[in-house]
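My questions will all concern the structure given below.
The first chain written gets the first letter, and so on, giving A, B, C, D and E; residue counts start at 1 in each chain.
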């Protein structure tokens, strides 16, 4: 390895901490503060808060649509039923109804729960998923921030969710909850590494962690078939990695066939067994935002982010995220759940090995071609 | 290379014996110990050195190989013999063989270890008497202690643990004092020596090249080093008041070990005194002549008096050794040819005679299982040969003419009377001579009570003559003693030759 | 710096929205204290024992394995970042690729060992069980 | 130089370290191929072979003058340095590892997880070897952890034995804290100098300016980390527990090799990174610190050892005492003094100590195997049953005490002597007095074995061959180091002198 | 811009909090967490001064520190597990087979 690793640059004090260079793209807060005519820290603060509120609400809206309505519709379609069609057009107002219903339910606090942890856990889950969106380019300038460490930050933020699950399971004073949280941990642990290592194989191509640059790197034309320029999306460049990443992502967000943390037929509802009312809503919300975060990561890493013809970037991004959501719902109906031992074996003996193989092969290929 | 071969063969023999089964260990050890005897006799026959090894005389069988360098000082493997060392080498090899043979009867437990340790000790003793580099010498010097510690501690009498520890602690502390004293001297020499080679250091010291050290003046350093070394060796000799380990060790040690202890180990102390204190620092020795002579005389008298009070035969011989060593010191401080030469000769003579005494006491003890004077009488009836030799040895001790003891003591007294190191020397000599009377007294008294009269020891077995292999070593020793008494020049010639250079400086004072 | 202000803002919002929902819910929902309602759910049975049961040792094994491998990815990431640009700037494969292959090779040895020694087996196979009893005897 | 000399590529200079690491991997692979069968001979053989190969290569490099004649070989921009010091200590580690591997053959024969045991030993040895050749504080820390982490596991290896687990826990707790302290110290030094490379630290620490206090605290904390690794005051109190509770071969490994590794890296770091000429005038007087530590450590270790009834614990405390002696190598330094000689003498002492102390602990391993007991009383009369082994133990004991006919005497002599030459006669005096005191408790073992009468029921059963061979090999080594001390100390002193150049 | 001394103070504070935890807590797991705090204090220094000096040495080393911290925790958890099995407690003062 290069000696660079342990010692690079001469020891000269610059006197100030390195100001990290502003991202190559104009971020949402910049746009907002620019529009408001603010600058400096105040501008950053105001712009950031408004932008964050905007992004969060977009996600909440998508989740609201996806959770109470789309999910039921899709499942019904797979099972050849009709669902939620009474209230409003296509039953869309069920979203409002459900929201009110769940929020106004009595909160039952079971005996012997570990109080602060039990209360904090439902906050952590949506918080972690939302935080991940801070660095995702949603297209059309809808990107809150574009730090150098973008994609790594997204992974890190998304992983905080595990902490919430453990807290919930452990604080609930319920055997099912405990088991559920343990399972979720085991699962997250087993699939986190393949996920990250597969992402690393993409980083080899891109050479950057900055999400906007990863997206930009995928805009080059890979090959032109019959006059249509196919962009160099990494899903095309490295389909194997794509497949691996999607599978690992499924496990990471705990969807079928990897939904054993909740496995309703085995452990009631897993870590959320004892939660009701708004606490339950928050879990529900968090899970769905998490699915969209997974979709967004896939889109950014493999599907060219918000890029796409004709339509604006934001629409394409939403399409890609929803595509992944649809995929998870399809999997929910089409694929049986794996057992915990199978899950672990697939993770450690299959995914891990394959992901490392993928990394090494990618590195070798890139090296040889370069 | 003969010296290296001698030491190596002895080491190898000790290992071989250690690994041999108990059954054959004694025979094997005796047979193997003949090799160094032959070797040392061969050395004697080819001996051609003259002068003192330390003062620049020629050295026989010398080898000098650089060993390691430490902080600017080169340590060499330097061995060789001169007229002082060679007789001691011969004494060591001969006495070891005889001691091993005499151990056949009393030692019946862990035999291979016993004989292995005896040979191991012999090898190190040979090293002590031949080494001419301080470091090599010190290594051998200390290595002698280990086998002795075990020999006393494992095969000794009832209080063997106490005796062994006492021996070990006394001698080790003494070694430490001596070591520090000597190294301080070497430091004091500064740049004038770059080795720990004893001849080089001795010559530098005699040439007066000693400088100060860390603000200590040369004179003070010399005195302090002299005292430290003297104390260190005095314990080994032993000289009153450092003698208390000796009776314990002797009494508890099995007889063959006592033979080695009295016969050779004590000589290490006097040999080292001669080599270090009296050769290297003659001025200081003369400066301290009165106290040294006083200590010598006290040793003589006090040792003899103590012997007189003992009931245990071994204790009697042990204390009489203290007394005899007093003569040696007296001879050394006399700084005349006869004084120093006689002291050296007395080392050999005393080695043989005390060996003979301990051995014959051992033979009697093997038969009677007691050493108490009061318990025995009339042994002459039952063990005539052994008793005869014992009596002969006792007379040797008393200084009967035509025996080695007489020659040694005579030379010492002659030398001491002639000495000019202090005006009081004749006085001291006369006082020391009084010791002879006491020795004669206690020996005759003990002999008379144990050996003659009616036999009255009650045993459940027949007390009869000792076996041949017990008697032969005694006979050989007796013959040697008489031979040395009749013709002391066998050794005295080379001894005189070797001590003469020492006196060029000291004797004139 | 301002990026992180924005991210922090999203963090604040991310905490604020759930808390806001909790507040809203607290205003809306009823609270009827009733005995038996707060009993923890155990499929309708009366709950027995503590919920903090001892669980499968395999959870620890997986956790330990994860700890090791996940941290190694920390060391892989910087490499992926510079790999291509280093190659483009003239570094040889021996400088860029081989060390990482060695690193991953060592990791793989560890994984193989863990695999073969049953660290990633959730249910001990009969073979492993037999071995265990054999060793104990 | 001979015309046939082959010029090896530069990276092969770390071949000894690589060999150790490779051995660990091979062991794991062998275990992976067939985890069900336990073949102690094969595993111990691979381990011993790897160590001996390392020993051979390191010895060859040392003799051939690799990294010594033409200046140190620097790899990875100076992060790894192969020179006399690193090769010298690698020889020590490899020797000890070989002895421990051979001895563990019997010790482990009936236990599970053998391959893991050997692999951990090899990994720890790799870490130690890396420690000796670290040229950057980063590699120092990483290799220190690489040496420590397997050691924790090894100490707690007997996981059903409460003593072993407790020992492992205490070792780990103290180790974790001290490594955190160490890391913080490194970060402070980095804060002041802006570099982790020892040579660059040295050149810029002199201009610390306002941050001299920070630098001082950093140096102090780094010294603390080394104190832990070398079992010196104030991080010594893990040592008696860990050595007593651990499997005896591991006690041997830790108390010899691990300690030597700590000194190896401390020598290099303090000699190279914190040069006395520039640091001491700033008020960071680390030789004084080590002088105090040395005196306290040796005195405390020896007095504590003298009061023990348990032989293993006695050896453990005596090992603390020996750390105190070796600390003289860091304490008796001064600007312009014969620093190379002092440090070299300390290295030579550690070399000899590697043999005699390993041998002593392995003898205890053998006694544990015999199931005789652990106290002095239990050792009574062992010599009647196992004379050769007891001869070996006697050699170790007297050599540890510093009696002349053994290697330990020369190494202590050289150490004290060089301290006196450096003007630190009081250090040498304290050392000599302690050394004399130590004879008391060492000779107790000897006395028990040889002179005391055995208990009636003393029955040793079969002699474990592997341990026996290892003990005898260590004894022969201790004896041979008397005549062969010259080249050892010369190599050490020239290697140490090169550090100060 | 934040003066660099503040980072030193922050790191020292975190370090002391960790040290305090070590000195006062008996639970082995809390002990581990305290050690992690101390290591992270070192990381704060490394990263802050990496920026101050304008080289990546400190940052890179902090990665290694993290990796080693994790490995240390792995070993530590293993030892605490066997501790629990042998002493039915994760109290570090429970293990007193040998005297200190």
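Structural remarks
Just so it is clear, a residue touches a chain if its C-beta (ideal position, glycine included) is under 8 Å from a C-beta of that chain, and two chains touch if they have at least 3 such contacts.
The structure displayed is predicted, hence computed values, not measured ones.
Note on connectivity: the fewest chain-to-chain touch steps from chain D to chain E number 1. Chains making contact with chain B as well as with chain E: D. Compare each chain's C-alpha centroid with the centroid of every protein C-alpha atom shown, and the nearest one belongs to D.
In this assembly, A is the chain whose CA centroid lies farthest from the centroid of chain B.
Between the interfaces A-C and B-D, more contacting C-beta pairs are found at A-C. Rounded to whole angstrom, the centroid-to-centroid distance between chain B and chain D, based on C-alpha atoms, equals 43 Å.
One simple way to say how far apart two chains are is to compare their mean CA positions; for chain A and chain B this gives 93 Å.
For the pair chain C and chain E, the distance between mean C-alpha positions equals 20 Å.
Chain geometry summary: the mean Cα position of chain C and that of chain D are 38 Å apart.
Contact of a single residue of chain B with at least two other chains is seen at no position. Across the assembly, chain D contributes 138, 194-196 as residues in contact with two or more other chains. Residues of chain E in contact with at least two other chains: 48, 52-53, 55, 57, 60-61, 64, 71, 78. Interface residues of chain D, counted against chain C in their complex, comprise 25, 28-29, 31-33, 35-36, 38, 112. Within the complex formed with chain E, the residues of chain D that make contact are 137-138, 141-142, 145, 149, 152-153, 156, 159-160, 162-163, 165-170, 172-173, 176-177, 179-181, 183-184, 186-188, 190-191, 194-196, 214, 237, 240-241, 244-245, 313. Every residue of chain C that touches chain D in the complex is listed here, in rising order: 106, 109-110, 112-113, 115-118, 127, 131, 135.
Residues 1-2, 5, 19-20, 22-23, 27-30, 41, 44-45, 47-49, 51-53, 55-56, 60, 100, 103-112, 122-123, 126-128, 130-131, 133-135, 144-147, 152-153, 170, 172-179, 182, 185-186, 189-190, 192-193, 196-197, 200-201, 203-205, 207-209, 268, 273-274, 277-279, 281-282, 285, 340-341, 344-345, 348-349, 352-353, 356, 359-360, 363-364, 366-368, 370 of chain A touch chain C in their complex. Note for the complex: chain C touches chain E at residues 60, 63-64, 67-68, 70-72, 74-75, 78.
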